[in-house]
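Pasting the structures here.
Heads up, the next two complexes both have chain A, just with different partners, chain B and then chain C.
Coming up: the complex of A and B.
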């Protein structure tokens, strides 16, 4: 598993702001808290500032609208509505808190226990189902009939009844957290199971718990008002919100105003609780805008780019311009030529700078480098599938007569799947868990080849045979989770072949697989390439896979190509220190040879895009770095063979790959 | 300590683990030993039961039959309390550096957890955490930071620091490097190879790739479908593998040398054809 560079541009999804910060950042959340807390405080201090008591009747001013003396008007007995509403607020809200408190106090320990032990899980699943199936309102009414209108007790009972629903919500999360390795690590640390639940599982559930707590608080207020409305609550003349709504409804034709403050305060309070829950949850429920944003390809932007490119090329000499145009025109059919590609984060740094590649028909190009070097981003760009927030800033991706960097969505759709297909590192991700393999293959074949269902079924079976699946009928009828990882990758490859593509972009196609399965998949890809004359761009960090499959290699480091050449030249006679280091770090390189005492370890990490050095980007990690490396380094032809190298000191470092095996020492070579 | 130096560090005898009564056992009659300070590689494809063996030793899955003896003590069915009595002699590093660290807990707290359980004073804990973080090449201030602030390779080094913090006798490494980039993988492998030289520390190194095992282990156990098909000194097994499955496993591991890789590919194809013919 490698971390995609694209995560750099979406820090919000990697690292969400803390709960407190999320509240402080949102004015709406502050308003909600102000409303809820202010109402309770105002209610508790009511005797100090209200001049009419909640029970004081003044029969000379019954059912009046708002006035200076009675800001919210009076009720049918001439009592001040403001006074009654505010007085009722604190008891209502404090008693409503009992519901979520009881619900959580019961559900959390039970959930943690059930997530820990299988037997408890099966018992508690049944219990929660039984509780869920109980008619809550009927039980509450029966309970009131038995114990009377003791509201705290009734609301506690209501909280207990919510156990079923809360358990269902919390259990899934607790169970998946329990399967996390850090919980097992805690067990190995000797932490007692219950302590592990409290220290490691509960804190990771806190967000859900808090959100559900706030939601239940709103439900509790609604429940209380409902009960008071049907007369089951604190008895008159005690003011209650539900009771006041009930009397307002009796006089709705004589004085409709009475409903406004009573209904309003109830609605506003419940809305405040719900809005707060929504903000606390941080909009988790909103799906990431991946698809919709990907579709966005502002043609104006593209036009801008083309005209800018034209403007830039205009001052160049006519000879240059003509040679450039002949190069552009010479891109053959089924040939991919990437020229000076620059991909950047909108309003941020560039991730890939000036990458040029060429993949002739039937050839396999390996794109290698560590995570965060821009390999995947480059390969996604060839499909017009850059993540939202990323865009091609300049350069071209020529596919035959078409420039994929500026092509519109319609043109891309004619290419994607039909001419250029994609297979990913995680095959199960390219398969929808809801549908059978057959359904998915048939849908893709019908869309890409425009054939009838029966014919598509025949093609699907043939494709699966082509990718070396023996038991075709069984696999066709299976769902993605029913097949192994290697089988899933075969299916993903057959899916990629559905449109008879001539170029395959393979992003770490075997990284998630065992060596034995990897060998099978590599063998399969090799056969398909030979049979169909397909070309492949293979993104990988495994140099052994490169040696197995590739004709040419491009080594990328920090968004740049640092070395290109034939697979034999690059792997056997590396000229760039980075390539040398990668080879010396590979335990496979030394297999069967002299006993390796240590592997080369490249000190430090790939620098983040914003922090690339201005000269050679490898300077901080290179053991051969010297003063002259601080200035920009161009790609120059290899000393041996075809291809290019980006290193100022390549003559000085030639043949010194063994030195990488010595313990780390940076910049020691003066 | 009552045990003499000749007692193996870990003895696994006739281990059987089943995940369901009707299913074939995930681990079937597996036996091997780890001597003091030795590194043993456990190798096989997915589904070969190698991870299950590691989990059984760590007490994370129940054992159906057989014995696991650690340092002269039978821990086959040891409960949480007995495992605590091992006092951090038996530790683990997992494959996925992303889910093996609690995202809500600062690194220092995670690394110090076994020390806290052992009842060490706070100041002693902090000193030990600082030392162990330094030994895996992380600065002392890393203790205050959260897992999300570290890269995959750094996280795996933190996981190793957590394993080493108790000065263990045996560390079970379950695919500890297979999720890492080549360069970070090399860093971690060097790190694992390092303390071994001096300390009395053994490793059970679980992997699917022979090259990684060859680099670290003196002894290798090859598993296929829950059974041991071959075991012996790493150099012997690599020089002259006896079982066809071991040969296939070695041939499947690709080398960054196009000519050598072409030879391996041919070997692998021949072995596969042979296996299909016999099947």
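Coming up: the complex of A and C.
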């Protein structure tokens, strides 16, 4: 057989541990299987090892508790409960299997057929919807009224009625599998449709099918017991679990014990099936929330942490040109001073180490670097918005008299929105999709400015005009999905302005937008900064944006500040090889005014936090790297201008930025 | 909107026809004979035959079905084979009992389930694991067993509530409430677990959305984020699961009503099935399907009203 396109584009299966693996790895799953299989085996072999038959009456020991002679006690006719329960197990469980078997035998072929042909799909969608709307229990009862209590037949009918629900679950998956490249490729290869379905689609659905099968098995057992309980199952004296619970309930005043083994065995069996299905489906873990919603306890070590941070920051403080004097120097009002900030994954690596920044009132600081350098994490930390599992390990984030790194939730809430606002990089997704723009703006304005609804409405309209929206009434009445990305970013900015903040943190505010819209939003930001005298931290990887808007720049690489300074100094006379590389790779920022003949590409990628080199973290990608770069590099004052640079070979590399334009030596694709 | 409602109503009608036709076919292919049921085992074959002929039992089923539909449209559901009572009147008398059970059961399970789901999603960690495991176990427990255990605790041991029986609201409102507490609690336990699971999953998903971070950055209080924004974002799947639970409650009322001796629809169903009272079974299938269809229709309209993307479309 020749190599077919199918085999080429077919994805490698098993990204998650296989079903068998998942079962073997979970002791609980083994216990469940042991219970289910053991019960059936014990039941089938019951005549060999039970000394009391399930129908043997002994009226001298009626309704007894557990004893050596009758381990689970006796019922109202003196019959051994253990014997009756075990005897009933195999018929119950084997008949319960009929339900999932029938449901799957009907649903799977229909689903595969519907997933392949559009006509079948539209018909089967209707049919399944009708079946789904049938009152299952009542139809089953009607069925029993007609054909009697023939359990296998009843359970088969039940399986048939479950077609609606099963189709709904399986069809979505089958349809998306059919649209996958490897299945379409199989069709191009001339594989017959049904064969393609069975060979390529069915195996990928097997997990869902197995999980649903186990769940339905549990449902089948419950259904049988329920029917027996209301007297519509196998007739006495044949033992059934539901029937035994029913008679136990009649004698609850005389002997409540009878409820325990009868209901217990039924409950344990259904629990075993459901737990097994849960484990097979890979558990029911949910993703953690984006932000921590739990009240942050005033941490006992907050004080230690601050003092430790201040002690630790002493040697490095020379890096921050503004704070050469005392570390605990008071921070002016409306001034943000981040000092030696360390953020890490709880019980994991650090993501940001020793970041120091300063944003004076009315100034715009650009925070630059590739993705994965810790820019966003740093900006989240300034508002206490770190995701659960991340925390500030040391360092301080001074905002006036407050340290935002250690402030409690209450203090942070007074700052958020009122003094510091935030714009995210996903404008549309940053708005609540369920409420209109007006609702969201009015709610924020009322809360942040303490005004009445009518006034808030007026302010909302004014804010939207301020951010350059022309058709204000229409936008006010819109839901976020009804407006464009650029419009959404304007709305997000107006929301950020709702509390008249003095500092705006903008996390890549233009990244998700079209180029023309980017320019508009940047114009808007520039205007707002000039008008309102706000200071801004602008997180971006676009040096053109930095040149356009910022006063100062901090370049981050792998969780560290590698270079700071004024925009003019950093962009015109970069001293760190990484800054040089970024400039050479930027289509807008031309180095030294020369025509960019070609753009550089920086070979390799930002190392993961756990894999940072111990010396200079840029060592593996730097074309100027040498032996001395392997030892830790401190942040030292720039050669020219205010600011700092973290490079051992700064003197050797000075002025060599154009060398980045040469084709990359390693790893690059030039 | 009008087109949508008409379309869905048409579909609902189709579902009703399918459900009752299925019941009709089942009844007629079963080989049971209404004459035997109505006249008892003592009747002679000739008497049975005469009875069946009068009923039109030997006509093709489709003719009988058409006849039945014509009767239903005029509000006649026929009479019971057993005691000749008017089925429509009997169901009308029983419906309030089952409806009270389902409505109160849904209210209680919503309150408990949504709260449990929110707590699990927001607190996470150990709380989440405990709530999830508890919900998983409660979902697996057979309702009738839970019911008997509740009877044992509250009626036998504590003597706080009556074990079984029903008092109409008009007779004694207080006794009416007392007679419904245990049945409602019984059905609420299972369905609260189902709603809790759905709430937890949807809430947790909404809490990973970007706008939650933006809200927090604006200083929105935690309670507002959870109960207004996240709950609203998670509301549609939760609503769907509530509708499902309501339907399940209505169907499950058979067992609950038998267990607690409540004179509702479910009890009538059990009796009718047990005695092969075919016209009664037929009528109850119609009523049960009507409930499902109406709940589903209400859910769809509500979803349309609540989902901004559907409302705009």
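Details
Note that the second predicted complex is superposed on the first by the 453 of 670 C-alpha atoms of A that agree within 3 Å, B and C clash if a C-alpha of one lies under 4 Å from a C-alpha of the other, contacts with A are read in each partner's own complex, and residues count from 1 in each chain.
Rule of thumb we're sticking to: a contact is a pair of C-beta atoms (placed from the backbone, for glycine too) under 8 Å apart; a residue touches a chain by one contact, two chains touch by 3 or more.
Everything numeric here is computed off the predicted structure, so don't read it as measured data.
Legend: residue contacts after superposition of the two complexes on their common chain; A:474 is shown touching neither chain B nor chain C.
Residue contacts after overlaying the shared chain place A:25 against neither chain B nor chain C. Touch criterion not met for A:656: it reaches neither chain B nor chain C. In the superposition on chain A, A:543 makes contact with chain B only, not with chain C. Of the two partner chains placed by superposition, only chain C is touched by A:430; chain B is not.
Taking chain A as the reference, the larger set of touched residues comes from C, when chain B and chain C are compared. Overlap of the chain B and chain C interfaces on chain A: none, as no residue is touched by both.
Residues of chain B touching chain A in their complex: 45-47, 58-60, 80, 83-84, 86-88, 90-92, 94, 96, 98-105, 110, 113-114, 117-118, 148, 151-153, 159, 162, 179, 181-187, 189-190, 193, 208-212, 214-215, 238, 248-249, 251-258, 260-261, 265, 268-269.
Contact residues on chain C toward chain A in their complex (touch as defined above): 11-12, 14-15, 18-19, 22-23, 26-27, 29-30, 32, 121-124, 128, 132, 136-137, 139-145, 148-149, 151-152, 156, 163, 197, 200-201, 204-205, 207-222, 225-226, 229, 232-233, 235, 247, 250-252, 254-255, 258-259, 269-270, 272-274, 276-278, 281-282, 284-285, 288-289, 291-293, 296, 308-309, 312. Every residue of chain A that touches chain B in the complex is listed here, in rising order: 1-3, 14-15, 180-182, 184-193, 199-200, 203-204, 370-371, 484-485, 514-519, 522-523, 541-548, 567-568, 571-572, 581-583, 585-592, 596, 598-602, 605. Those residues of chain A that touch chain C in the shared complex are 129-130, 133-139, 141-147, 218, 222, 225-226, 229-232, 242, 245-246, 248-249, 252-253, 256, 259, 262-263, 266-267, 270-271, 273-275, 278, 284, 286-291, 293-295, 380, 383, 385, 388, 409, 413-418, 421-422, 424, 426, 429-436, 444, 447-448, 479, 481-482, 492, 495-496, 498-499, 505.
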